[in-house]
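One structure, as structure tokens, below. Some questions next.
We just call them A, B and C in the order they show up, numbering each chain from 1.
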Amino acid sequence: MSSRLEVALALAYRQTTVLLKNPSFFVPPMLFPLMNFVAFAGGLSRLHQVPGFGFPDGYTAFVFVFVLLQSAAFGGVFTGFAIARDFERGFARRLLVSAPHRSGIIIGYGLAAFVRWSMIAAVLTVVALVGHMQIGGDGIDLFGLYGLAVIFNQVGLLWACGVAMRLRSVQAAPLMQTPVFLALFLAPVYVPRALLQGWIHSVAALNPLTYLLEAGRGLISGRPDEVVLAFGVALLLLAAFAVWARTGLSRAERAGA
Amino acid sequence: MIEMTHHVALISRRSLIRTARQPGTWIPPLTFPLILMAVNSNGLRAATHLPGFPTHSFLAFFMPFAFMQGALFASGIAGTDLARDIDTGFLNRLALTPVRGGALLMGQIGGAVGLGAVQAVLYLGAALAAGVHIDAGPGGAALILLFAIGTAAGFGSLGLWLALRTGSGEGVQSMFPLLFFLLLISSMNLPRNLIEVTWFRDLATINPVSYLIEALRSLVIEGWNAEALLLGFGCMLALMAVSMVLAARQLRLRMTRT
Amino acid sequence: MSARDQGIVVEGLVRQFKDIRAVDGIDLTIEPGQIYGFLGPNGAGKSTTVHMLTTLLPPSAGRATVAGYDVVADGPSVRANIGAALQETALDPFLSAREHLRLQASLHGIRGQERLRLQDELLQRVGLTQAADRKVRTYSGGMKRRLDLALSLIHGPSTLFLDEPTTGLDPQSRAALWEEVGRLAREEGVTVFLTTQYLEEADVLADRVGIIDHGRIVAEGTPASLKAEIGRSTVEIVPESGDQLHRLGEILRRFGTDTAARPGAAAVRLDGNGGLADVVRALDQEDLRAAAINLHSPSLDDVFLAKTGRKLEGAEDDGP
């Protein structure tokens, strides 16, 4: 009888294989962060000259942290699209029937999201280094940065998973990605929080992603700040959306999907 | 000529009805650019402190982005609808009627143009409500609307070409990242003279989307700038012409009726 | 001579797609007002033929006239005189039936009161009056097919092309469609070119049948004459009592020659010395009771088998 981990590994293997055999599934989540990175680092770099910008390691590194987290979140969301497709095509029913430990299904999708994002993050990092991104942090700092991104990747996946399992249709795709998109852009994307004005400053202060971003930027510049808070926020989000995903799975089971 | 006009009107009418009956199609183009306009105009407000920034209202500066993004959505709508017609065989049904290819194409972008008009009014209205002042006055505002509709028609025609070339909605959608990238590597966020990275500035300079944005922007923050307007309208008309020619050629290949 | 007085004439029609010859030189003549059944397995070239005759695809070689107009030289005239319900129902899911008819009629130059009259008449004829203002996406398969037929008739064509019109329909919808097609030919003199994979459809509807395989017509004629070419009917009888099997065989041999039968049964191929009724009368006279009597008439599938060595129903597409 398969353990939870065996179910997870089998599903993750299948998802990754499907992904690698279908470049059309792989290209958009790769392209969008790259495009954003090129556009922001290339087009907005002069913003570091705004008085009070206060980030010494260059605009490329400043923006890289945002794009890394964005790619992590959307790596999870795009896996959510795959979950919705699986429900539409009936594959999810096969999973629910054959997996003795159904929570392993969520873990499997989580592993697949991580694998998907790892490839994207690798490409993104290479491109940033080729673009002469300055890194002030050491190995531990960078481990912390990528660790934050991994957690955020799983948060994105769990959110999308919960939506996909409740609605069980790819028509739910906008519902999966729009809140994530909004959460990302209602944070200090282009300039530090201190330079935000008006309502967006207040919203950013309440946005949990702001703390992940700021901690990430501190880590990449070798000046870690509020890292424990950031990890705390990230883990809290992880826990909350894990419940969201698990209850979504229960809904799918009850609906006989 | 009269018959052709009549056919364009018939096909346009159908296109408009179809678009209106798909809220999932028109809600994102109406809401998303407005949200981004609100978020980015505040998130990038600090840019107005850069020496040489042409205005102290980033919203006024950034407003054209909404029209461009709306036009991109128009390409998706027009293209996806035509791709569906190809897929379902409806294009064959139209091919068996007296309708000419040109009328068919012009009619097919009716929905996108209609939505483009609604979008333009909405974005302009939102910007005015948020306190943006149009330096070119009411005439400039009217020109903004005309320009936005023309750009929607141009990108809509591009969508038609993609649909005829690929025959599928997925094919149309797959080009969206490329079109969006064109928008990103333009002067949408900063004036070209303030773009620090040389290669990016060069790309933005050869990117026709920059001139579309700058023409619109000039009406808002400068008034009547003949050079910007000529360049912008020139690019818009070129986009419409090239896209229509490509679409017409592709239609002849796909609709091989005798 | 008006278009309605002219049928379809095809001479040496060919369509080549790169290295595939989908239609390999077909000749046929269809009289006005006839229903012509074009029968063949998947991939035989039926739809390609229809596309050429409806001007949607230019032929690679050969000639064809529909309603008196050349399909290549007079494409617009052909289109003005034909209606076509092709394999896909070709409907816009976001429009209603009425909106479809309005668009179709308007594109054909039918306007005003005339258009409204035709819309209502056709909606009634195909039984869609109640659903006329609902979007097509809510329609069943049968309703879509009926709307498809109505759209192909709105401009009063002299010739109608139906490409597998009843595929996927339930028996009731199929029967209703057959009735309407038969009526069109009988009462309005419409020439009907019907492609189908269903033997029964060709048998019931068609005045003449052409069987196509690998792009060529392998047999042509009325359903009865095609079947008669193959042979006569077979009678198979199971006697009520097993020990009467030998005597049964002797009786049956008066009416034809022995042929293969199931265990416990006797069968003969009738040779014209009497039909089923005569056989039953003979059994009655000999006081021999039958537990089961089966009459097997040759089918178009048998015709196809005889001509090609393959069965038509369930024949796979193995290309021309």
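One rule holds in what follows: a contact is a pair of C-beta atoms (placed from the backbone, for glycine too) under 8 Å apart; a residue touches a chain by one contact, two chains touch by 3 or more.
Note that the coordinates shown come from a computational prediction; the quantities given were computed from them, not determined experimentally.
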| item | value |
| --- | --- |
| Intersection of the contact lists for subunit A and subunit C | B |
| Centroid comparison with subunit A (C-alpha atoms), farthest chain | C |
| Central chain of the complex, centres being mean CA coordinates | B |
| Centre-to-centre distance between subunit C and subunit A (centres being mean Cα positions), rounded to whole Å | 58 |
| Averaged-CA centre spacing for the pair subunit C and subunit B, given as whole angstrom | 49 |
| Centroid distance [mean C-alpha coordinates] between subunit B and subunit A, Å | 30 |
| Sites on subunit A at which at least two other chains make contact | none |
| Subunit B-facing residues of subunit C, complex | 54-58, 71-73, 75-76, 78-80, 82, 84, 86-95, 99, 103-104, 106-109, 135, 151 |
| Touching residues (chain side subunit A, partner subunit B) in the complex | 24, 27-28, 31-32, 35-36, 38-39, 41-47, 49-51, 171, 174, 182, 185-186, 188-191, 195-200 |
| Complex interface listing, subunit B residues touching subunit A | 24, 28, 35-36, 39-40, 42-47, 49-50, 170, 174, 177, 180-181, 184-185, 188-190, 194-197, 199-200, 203-204 |
| Interface residues, subunit B side, partner subunit C - complex | 3, 6-7, 10, 14, 17-18, 21-22, 85, 88-90, 92-99, 256-258 |
